Amino acid sequence: MARIPPQLLTQSLQSSAALAADQHAALLLGGYHPTPTGDALMQETITEAGVVRARIPALDNLAAKDHQQPSAVYRLAIFVVTRLGPGLILPLVLLAVWQLSATYGWLPDQILPAPALVLDVLQERISDGSLWDDTSISLLRVLRGFTLGAGIGLALGGALAASPRLHDYLNPLFLAVSQVPILGWVPLLILVIGIDEGLKNSLVALSVFIPVTLGTFQGIRDVPFAYREVGQVLTFSRLQSLTTIILPAAVPAIFTGLREGLSNGWQTLVAVELLASTEGLGFQMAYGRQLFQLELVIAAMLVIGLIGFLFDFLLGRIETHLQRWQVAA
Amino acid sequence: MTTAPLSQTAFARPARLLALPLILLAAWEVSARAGLVDPHLLPALEDVISRGEAEIANGELLTALGASLARDLAGFAIGASLGTASGLLLGFSHLAQRLFGPTLRVHRQIALFAWVPLIAVWFGAGEAGKIAFIALAAFQPSLINTWRGVLDIPARFRELAAVLTFSRLDFLRFIALPAILPAIFTGLKAALIYAWQATIGAELFMTIAPGIGGVMMQGRQLFQMDLVLLTILLLGVIGAGFNLIANLGETLLLRRRTS
Amino acid sequence: MKRTFLAVLLGGILSAGAAFADPTVIRVGYPGVGVDNQPYGYGDTASLAHVGKYLEDAFKDNPDVKVQWTFFRGAGPELNEALAAHQLDFAAGLGDLPSIVGRSRGLKTKFLLPASEHGSLYLAVSPKSNINTIDDLKGHKVAQFRGTNLQIASDAVLEAHSLTEKDVKFVSLTTADGLAALTSGNVDASFGGSEYLDLQKRGIVKIIYASKTDAPIFGTNSAFFVTEEFEQAHPDLTQKVVTAFVKAAAWGSTEANRQQVFEAWAKSGVPVESFAEDLQGLSLARENTALIDDFIKARYADKAAKAKQYGLIKKEIDLNSWFEPKYLEAALKELKLENFWPTYDANGKKLTDGAVESQKQAAAQ
């Protein structure tokens, strides 16, 4: 081993910690925990293929210096352009078409107001606070309905998967209810519950409940028997088996159900607010239409789309986080 | 020979399946007869049924049903085929995916009903508009599911095609399409459901025309709960029918699969 | 007359004014539907023209011309959208507020003749309600079909009692939905028209305000409009259409036809008795007049000013260039009805007598 200059030694001790973390992560994906060898200068790593590679972090550091990591700002810019860039092309094209339509009158401007007008309206409503009011009201309604529907859906889905007998009892009813379009319940519920929060909560909850139950049920039921066997072999308790094996395996299906549920819930809320409401984003859309100010409609649509996108994004992130143990196929 | 416990006899399962619905029906009958519930709010089952018979007799119900179904199927056909085609495009083409993906993800989140004014302008608020609306509703799920189906083609399938030196066309025909078919079917099933939901929505939000939605509104406005309940029952039955047909189709067409 | 179209569509095909080459289709829109979703209107001469097939008769010798009626559940606002999309040629019975809103947004239409004046506005509450006057409405939930002429009329009533839209929680519901909401207790009160009279009779609601007992500003109005596009392309057809409407209005103003008028309106699902009650002691001619006189001009000026005041429109509208009486005048001349209807001044005071009234007196004797 060559004689290593003292400065590099201290540097290497610091950088090896950082490098070790990266390796740690890499090995975790490969499913193996490295055992520390106690030797800071040289680390053994055992890769998935069982090959032993000795690394001398200090030398790594030397090599790394040649390829300096570009600055964070630069990396962010690259990220934005390459990852987000292509995705932005279509929206920009649509925006351009929209503006052209407004300028040349392809579509009557009462029906498709110019982008500038929509922007004006948005600014107006942001500054007088009404946008925040309507958005928060709608958001609260969705969250309430979603929590209710998803909570019941998860519990019921799990119960149905756990007990075939219960499934026999409840499934016909569940099927029957889920076949009726959500809006089909409106006349009945309006007459029974009225047009207040109760109507919105129950309809949103119902539209969330159905996909979540289905997703949970299918997810848990479709956990391969082999996995359960592992649990039995390792003599897991039911709870351990549930939390360590079944739920993680069912996560994709459950989350598909949750995402669909949230999307449904949001759509249902807008539809119900369109039909009968006194405030909220859906109400803004209906109101804008009634007063022939479709820029209000479009402004509300944009906010709705944005929020829906954020919801979906968040759920996707959570799902990825919960799935980090997955070995890529 | 040991006798199986009652819970495992041949009758047990059907009995369990029917238990809850029968209990509910019985409760409904009892409450109506005993006058426990305001008959305005919950008419007796036989009232609902006799109303149904009356409406069938005077042809109203069947006309409405026919009109709704026609719209639904037209919209579904258009939307589902466009959605599946787009899903295939996005799945197989990286470029298309990066160009159209994010926009489509956002579009999915905008409530369908927000499009009603614009659709009313482009296609009119009559039949064409309703069918366009339904097609839009059917487009989304078929797109997402087909897209996902293409993405989920296991890498080893592609490797196999490479090993067997398949042309692209052969790869599509023999390997990719059969692999995607289940996903496409899931998409079609979902599209069917969404299309039916959108049919009702379209009838509620757009101009009057014969249809189940119109019958429902009529019942609600005239305070005729028997009509409202009748339409709900009908909606459920039709939805179930669609589901059944879709499942049947799926089993038939996919029965050659082994995994 | 309705047709079902088979849709041939790809998203994004812009329909550029669906006036088919042959035959010419005259597309007429009516803002509203009957209470049981029937495509029939009530309370104006437009619905009379529809039921009596006056338009179709006018063109029955003309196979190249077809008449097509569309009834909009979303009333005025939805009709405006169709106008903007060049999907209509005539708006029959479009309410004052929606037509004013449309004009302020740049819809190019011409005011041909009125379809109804002094339309009734009623405020209905649940019988057990403790709301007895307009002032009691404060803080309550009220159903109101926003964007229709009911809105501007009810806003005016509120203003007269020092209430603004902020003091009352308005829920926008269609007429029929408002009925349902009121009867099921979902709203505390509901503004509407003569459709509430039947409910009061059945004891389901209590009417605590009637605009006919109040100043003329609080009544609703509606009119016939033609798109400038159609008018310029087919002035002859426009004239024929106006003449047909005037004929219908004349029929609807003749007292001898009172019962048949109510029966024609009753096709919408509102009972005959409601119209009898609504117009009790009032002449048909007062409501169904076809004249563009100072009264109707003043009404629209009022409504436009109020619309601006309540923030319902952003730009003021030019009223003078809106009225186009030449077709009306030609029709009156052709039908020899120049002196048929009485004229009124801006405040509703009679200026000249009309022949229809002596008919009424003759009938009454």
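Labels for the chains are A, B and C, by order of writing; each one numbers its residues from 1.
Please note the rule applied: a residue touches a chain if its C-beta (ideal position, glycine included) is under 8 Å from a C-beta of that chain, and two chains touch if they have at least 3 such contacts.
Computed from a predicted structure; not experimentally measured.
Taking the mean of all protein C-alpha atoms as the reference point, the chain centroid lying nearest to it belongs to B. Among the inter-chain contacts, the highest number of C-beta pairs connects A-B. Seen from the Cα centre of chain C, the chain whose own Cα centre is farthest off is A.
Separating the centre of chain A from that of chain B, both taken as means of CA atoms, is a distance of 25 Å. Remark: chain A and chain C have CA centroids separated by 50 Å (rounded to whole angstrom).
With centres defined as mean CA coordinates, chain C is found 40 Å away from chain B.
Of all residues in chain C, those touching 2 or more other chains are 14, 81, 84-85, 177, 180, listed in ascending order. Residue numbers of chain A whose C-beta contacts span two or more other chains: 107-108, 111, 190-191, 275, 289. For chain B, the set of residues touching two or more other chains reads 117, 121, 217, 220, 223.
Contact residues of chain C toward chain A in the complex are 14, 74, 77, 80-81, 84-86, 98, 101-102, 105-107, 141, 146-147, 169-173, 177, 180-181, 184-187, 312. The residues of chain B lying in touch with chain C in their complex are 74, 78, 117, 120-128, 131-132, 135, 206-209, 214, 217-218, 220-223. On the chain C side of its complex with chain B, the touching residues are 2, 4-7, 9, 11-15, 18, 33, 35-37, 39, 70-73, 78, 81-82, 84-85, 87, 176-177, 179-180, 183, 269. Contacts from chain A toward chain C in the complex involve residues 106-111, 190-191, 194-196, 275-278, 283, 286-287, 289-293. Per the touch definition, chain B reaches chain A in the complex via residues 7, 13, 16-21, 24, 41, 95, 98-103, 105-114, 117-118, 121, 154-155, 196-197, 199-201, 204-205, 216-217, 219-220, 223, 225, 228-229, 231-232, 235-240, 242-243.
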